[in-house]
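Two complexes come next, and they have one chain in common, subunit A, joined by subunit B in the first and subunit C in the second.
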Partner chain A sequence: ERRCSSLQHKSALSACVTGQKQTNCHESWSLSPEEFEIWDRLYRIKESDGIKEPVLPRVQFETLENLEETPKEGAARELSLTEWSVWQNQPLPTSLVDHSDRCHLFIRAMEMMELMRHQQGDCSYEQELQPHLRMEDVNIPGNKRRGRCSR
Partner chain B sequence: HPFLSPQDTVDRLLRLHFRDGRTRGTGAAAGGPGRAGPCRAPASRNRLVLAVNADAQLLMAELLKVFVREAAARAARQAQAEDLNKVDIEQLEKVLPQLLLDF
Partner chain C sequence: RAAMAAAGGEQQQMLTQRLKAAVHYTVGCLCQEVEEDKDVQFSKQSIAAISEITFRQCEIFAKDLEMFARHAKRTTVTTEDVKLLARRSKSLLKYITQKSEELASSNMEQKEKK
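Right after this comes the complex of A and B.
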């Protein structure tokens, strides 16, 4: 039993290829028998390789109803987007594609968190912004006490 | 068909994920009326909601190539920076957050 079957969107080619002999179901969108042979030999992750199939984490909203069920991926290795967060407070090198605006925002936010990590007592960000607060700009909920930075 | 056609593959991959059955590639017949899908555009009632034409397929194929190359190049560069001669999953994980934000 191939592990590809645990993928949620079964890759079209494995669905095609594992079921029947690859020759009769080959269409121009899928691998040709020769290409399949190369993929199978060089790239396909097999049980004997001793490595887990990499999968991306699924989207999950903590405060909303989630439409997609989260499958239990026991045999897979979920790629982490947070494990190397210490690496993320500077732009990493690019090749052909430059960093986007939201990527730069992310890097700046990571930088800011790094700076605030060791802060104690009053929050410097709060102190910086507090003088500019105009009460008519904000919707004041029940209590009027200003919140403290809780980090 | 002796070889894989990038456009056909792209078209197939896109259609795997379209929510509305009437969102089609150029090869498919125009969709019939009825069955309002979630992404239906109001302007196109009885026609295709959105067609992936050949140019768009080519563009998408190119985009996917660029994405793959970018991921590979950045991970390779990360391996270089760590003085490794082999890219492992760790190097990919390090470049992944910024890579995904760029696409």
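Right after this comes the complex of A and C.
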């Protein structure tokens, strides 16, 4: 019965926008009692639903001191940005917002990784770039790494 | 003219390859450090992927930095713009801010010596 239709939602919302209630429900930032009732009935995740609350993964830096709060685990379902990676080597459909440059970067990188997935040993990317390497581009004075790096 | 444009494009292409090669080399060195530190092995393909992502990320950084500077009515990119790149993560912002302060104070010392 819950989440049965967006139609119901729309009519409820438009009832709020049209007619007398309009001023009432736009007066404050929070939900009006009517809106709250709709939210509670149709959208709010309750224990009886048997689904976990969705949460976004937190930023964590492997190489830096961590200042972000750590999430509570267990009760929530962390939304994954990687479990559908095999879908991500092509642009997915858009509605109103186009893909950004950084999104295209991501798609190209996924595509590249897909192409290299089955390469063993030698790497085509490396072979293509090797002739273009100029040591003066990478020889930073006082660079301790110099010489130690075999790649 | 078309020939000149083509030659220009070719030169651009050569510069891009040269830059990519330098990034690839440096990424390789950094990955080697991580390998020693964490006792893991990176495949050549994974290093290539990190290099390509790093190279493209530079395009994004460059565009953002230019826009941030312009937003502050400057044509010169400063450390303030660089800090804005890191605004979304507290950890990263703190790290970058510290580095920036260290750089500023060591620059001051250098000037005083002169």
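Keep this in mind: the second predicted complex is superposed on the first by the 111 of 151 C-alpha atoms of A that agree within 3 Å, B and C clash if a C-alpha of one lies under 4 Å from a C-alpha of the other, contacts with A are read in each partner's own complex, and residues count from 1 in each chain.
Heads up, the rule we're going with is that contacts are C-beta pairs under 8 Å (C-beta built on N, C-alpha and C of every residue); 3 or more make two chains touch, one makes a residue touch a chain.
Computed from a predicted model, the values in this text were never measured in an experiment.
Placing subunit B and subunit C on a common subunit A by superposition gives a fit, with no clash between them.
Once the two complexes are overlaid on the shared chain, A:E27 sits against subunit B while remaining clear of subunit C. In the overlay built on the shared chain, the residue A:L79 is in contact with subunit B alone; subunit C does not reach it. In the overlay built on the shared chain, the residue A:R102 is in contact with subunit B and with subunit C. Once the two complexes are overlaid on the shared chain, A:N89 sits clear of subunit B and of subunit C alike.
Of all Cα pairs linking subunit B with subunit C in the superposition, the shortest spans 9 Å.
Shared contact residues of subunit A with subunit B and subunit C: 102. The part of subunit A that touches subunit B in the complex is made up of residues 9, 12, 26-32, 35, 54, 77, 79-84, 87-88, 91-100, 102-103, 106-107. Those residues of subunit B whose C-beta lies close enough to touch subunit A in the complex are 1-5, 8-9, 11-13, 16-17, 66, 69-70, 73-74, 77-78, 81, 89, 92-98, 100-103.
The touching residues of subunit C, counted against subunit A in their complex, run 14, 17-22, 24-26, 28-29, 32-33, 43-45, 47-49, 51-53, 56-57, 59-60, 63, 88-92, 94-95. Residue ranges on subunit A touching subunit C, taken from their complex, read 59, 61, 64-68, 101-102, 105, 108-109, 112-113, 116-117, 119, 121-123, 125-126, 128-134, 137-138, 145, 148-151.
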